[in-house]
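By written order: A, B, C and D. Residues from 1 in each chain.
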Amino acid sequence: MAEILNHRKLGDEYHSLTIVAPEIAEAAKPGQFVNLRPPTDRSYLLRRPFSIFRVNRRGNVAATVEVVFDIRGPGTAALAAMRRHEPIDIVGPIGRSFTIPKTQHSCLLVGGGVGATPLFFLGEELQNAGKRVDVLWGAATASRLVAPIEAKRLGAVAAFTTDDGSEGHHGLITEVLGEMIERCGTEVIYTCGPRQMMASVTKIALEFGIPAQVAMEELMGCGIGVCMTCVTPVWNRDGTGIANVRTCVDGPVFNGARIAWDRYAKEEAAAALPAGN
Amino acid sequence: MAEILNHRKLGDEYHSLTIVAPEIAEAAKPGQFVNLRPPTDRSYLLRRPFSIFRVNRRGNVAATVEVVFDIRGPGTAALAAMRRHEPIDIVGPIGRSFTIPKTQHSCLLVGGGVGATPLFFLGEELQNAGKRVDVLWGAATASRLVAPIEAKRLGAVAAFTTDDGSEGHHGLITEVLGEMIERCGTEVIYTCGPRQMMASVTKIALEFGIPAQVAMEELMGCGIGVCMTCVTPVWNRDGTGIANVRTCVDGPVFNGARIAWDRYAKEEAAAALPAGN
Amino acid sequence: MPRVDLSVDLGGMKLRSPLVTASGCFASGREMSEFIDLKKLGAIVVKSMTLKPWAGKATPRMAETSSGMLNAIGLQNKGVDHFLSTDLPWLTEQKVPVIASIAGNTTQEFMQVAERLRSAPIHAVEVNISCPNLEDRNNMFAHDPQSTSAVISAVRRMVDVPIFAKLSPNVTSLTAIAGAALEAGAAGLSLINTVMAMSIDVDSAMPKVAGVVGGLSGPAIKPIAVRAVFEVHQAYPHVPIIGMGGVMDARDVIEFVLAGASAVALGTVNFINPKAGHEILSDLGQFLSSRKVGSLAAMRGQVKVEG
Amino acid sequence: MPRVDLSVDLGGMKLRSPLVTASGCFASGREMSEFIDLKKLGAIVVKSMTLKPWAGKATPRMAETSSGMLNAIGLQNKGVDHFLSTDLPWLTEQKVPVIASIAGNTTQEFMQVAERLRSAPIHAVEVNISCPNLEDRNNMFAHDPQSTSAVISAVRRMVDVPIFAKLSPNVTSLTAIAGAALEAGAAGLSLINTVMAMSIDVDSAMPKVAGVVGGLSGPAIKPIAVRAVFEVHQAYPHVPIIGMGGVMDARDVIEFVLAGASAVALGTVNFINPKAGHEILSDLGQFLSSRKVGSLAAMRGQVKVEG
């Protein structure tokens, strides 16, 4: 059991929980997640996964991890009702992280909606490694951009798009992505957000001949690699076949080029496969 | 939805919730109960029944009902965590009440453990009707006697028994009951508590030739008379047969002489009866 | 708010509301009428009645389980004659369609109950065949196609109103039992009765219900019930189904309708919230109108599955 | 604290702990070994393996239900050869008994997997017959006594270690299937596999798992599982049973033992609390010693029911 050090609202839509968890904070790398167990209601069972938004290893309290989320269902509603100093059950850090590029210098972070969350932690680490960081956030509307002020501080260039035009470019991320890449001299892209967005971002990156690291989101039963709920279809290295790979521990970060974006829900007819489990 | 006006501890063991519920308070009679729905956790479904401890129809807030309980499982634990001003879902008043005697005058209240709860409300109403009220509470230990100070105020004579001798007579209620009846000139007994105790109290009352009104406790599915979970085996008027009668709406108060005390769990072999529902 | 049509057709019966009551969870409606306007319901399915009064099982008769309720009531009821003399006249005055649920331990008994109902003002009969068949080593009628068929044909010969067979989910092939019931003359199916289950009190080592094994109801069984309705609807798309099992709110009702239910029965939820019928109906209207769906009936069986 | 004996005898295997793992809920133990000391477990039952690697179903593969989890993984696994070359050597080093769960879509396939396991250092084979039988119109093997018997005899001929048949609760008579498995040479039974179930997302009208129908696990099904263990234990009191379904804590373990389980498997609880095996074992010791019960094995089948 860990303790909640702070619970604050982040803009109008998002909640932030800062949790005292020294071992997790020390070990955490950008793109990894923690698996939280919402309190009290035992009618929903499973843990909920959240990307690590930030870690603080330097404060005058024990090291902490911070997560950011919005209310989507009973689990996030219960988390949103938690208060400072309450105990919280946390497992982590889990998964493969983003990797800091060895040769490339100019990094573009592309976040869709709440998917921007892990890119803050990544951005700081990239800067610590002496890289150039640019930021492109998209969301349905201005209030759904995660921490835009911090994003502006983070990015050498910071641009926003909203579906309703309430902030930045009126339209989709992918409409301005090419321009950003050219303007910033981007050499590597990091992205997290809706699957369709990440598929398009990967496609554009490949057209520009630059790599894209993508952080996938899948429903997770266990979050620790044992249940096979969370798989992502991934091309094997020689491109000859596809394997269903666990997103929780073999991801959530993948090389975008390896993901079989068009294979979702198109597997062999379900009837030919066994029922259950 | 009603509002919790007050939540206090009653001694070391019991919680008291005072609930703003004018219609229920106005209609309530002693021996009736309310059916509360504990909040938040949907893994347990059903309401929990609680005797009405007291009603207040005169305060400067809207009329209230008060219930007293101890923590026995998840439902009472959740109720015990509720705070002032929180909303609570309440159904009531339910069931047949104790009846105020027409001819008899001297009334003895016999309460076992938390079963003493409904006898406070009854005692007040008996006094309002000009009756003599005596009180005999028994419990495992002193802390499990419900509101002993109020009980002393209520009874012309007030006596206690505890299994461990920590307060009053060291032993069972039934060991002192005969003496109490003689000393107080008891003409009618009202009792609520463990089934075995109520069976013995009824037996002794009948030996003295006085009536006993008993408030039964049974597991309740619905608490409103539709599910047939809560039945008590009751002799029909001419003593020729036994019917399974709903405790929630045909009780919880019964004439002790009519209850087939020795028929519990002795029904026809279960195999001869249909399975389920 | 645009007008939403919540009426449904249940095997020829035009019900103004898709919500009916689950047998045994509403008694005969009198107690519940203090909490809800019975006219909000499409029909009232009364507690199963037998030829003679049944005393039911010993107490304890219920236990709570995770998101579920285990019961072993033993079909306590006052018998068909009491229904006809006391409950039915009252129900008839309420102007809500009545579906009489009947039960028995032999085919003969079912037939005799049905016979008494022959000229009564009821709209349908629900045959609760989740009862042990004394002539077949205490197996439930609903566990065997032949016994199912025998009971349904016997009842069929006695009454002219539509017959719904209430099936037990505790079988290998629900569609086989459904087929037998339909072939024997059932107009529709009620799915599902409770799931056979057991709880043991760890402190006393006693079964939590005196009947040892009981029936599980409530949200815990909803996914089992949805699958049952789906499977049977796929096999017999034109057969009316009363879906039930763990319905707690309007979304649950829609889930059953998408799976293939024509009407949806409220069971355990009545115990938790006696006004549930009322509230769910109003939420249903809002749900549909917020999504600009004009009619609930049009959603029947519309779950999107390949092929 | 008096010494408590938590060891159990499982069909001749002496297990130091009554807790084993439910197949598919512990992979092959490697991931879990970061959270718990595998030696705290009586045995590890690994994810069901097939002859060739299976890719499993499309996502989404899981949905939460009230107190339950619905899954349609489709037995994704890397095949028996990967198990033998990679998982088993690692497991053997951990010094915990290994039970290999095997699956297939034909009797032949089961036999071939078993054949590869013939000389492997495993302690038992669990035969997951809750798989569709391609030779019998996609019915599960576990839904039919003949298919059950065929698979168990085939596996029996291939391996010398004890065989546990893992049965599906989705049948009319579990004792009939259990009998067929035992007659064909199963040394014991694993009860229960998941309950067939379905959830529909009301907003999209899509089934919540891409496989449409999935298997329900977790506390919601515990009463169904307890009844299954009880019923089969009553019918075959001398047969070892691995009980499972919704176990969340030490009291649940005792409930299964009272119903007749020799050992108890932890499934879904591992997802919620990866340290569950550890914590439950320690709670079990405390539970027994606080009640002055010296041995868990002595509680087996001791639920008090009238004979």
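Here is the rule we use: a residue touches a chain if its C-beta (ideal position, glycine included) is under 8 Å from a C-beta of that chain, and two chains touch if they have at least 3 such contacts.
Here the structure is a predicted model, which means the values were calculated and not measured.
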Minimum number of chain-to-chain contact steps, chain C to chain D: 1
Most distant chain from chain C, judged by the mean position of its C-alpha atoms: A
Euclidean distance of C-alpha centroids - chain B vs chain D, Å: 46
Inter-centroid spacing, chain C versus chain B (mean Cα positions, whole Å): 35
In chain B, residues with contacts to at least two other chains: 42-43, 270
Chain C, residues touching no fewer than two other chains: 66-68, 196, 212-213, 218-219
Arrangement of touching chains [line / ring / star / complete / other]: complete
Touching residues on chain D, where the partner in the complex is chain A: 24-27, 31-32, 34-35, 47-48, 54-64, 66-69, 71-76, 103, 105, 128, 130-132, 138, 140, 193-194, 196, 210-215, 218-219, 268, 270-274
Residues of chain B touching chain D in the complex: 42-43, 269-270
Complex contact set, residues of chain A against chain D: 37, 42-47, 89, 91, 218-219, 221-231, 242-244, 249, 264-268, 270-271, 273-277
Of chain D, residues touching chain C in the complex: 65-68, 70, 143-144, 170-173, 195-200, 202, 204-207, 212-213, 216, 218-224, 226-227, 230-231, 246, 251, 254-255, 258-259, 299, 302-305
Interfacial residue positions of chain A with respect to chain B in the complex: 40-43
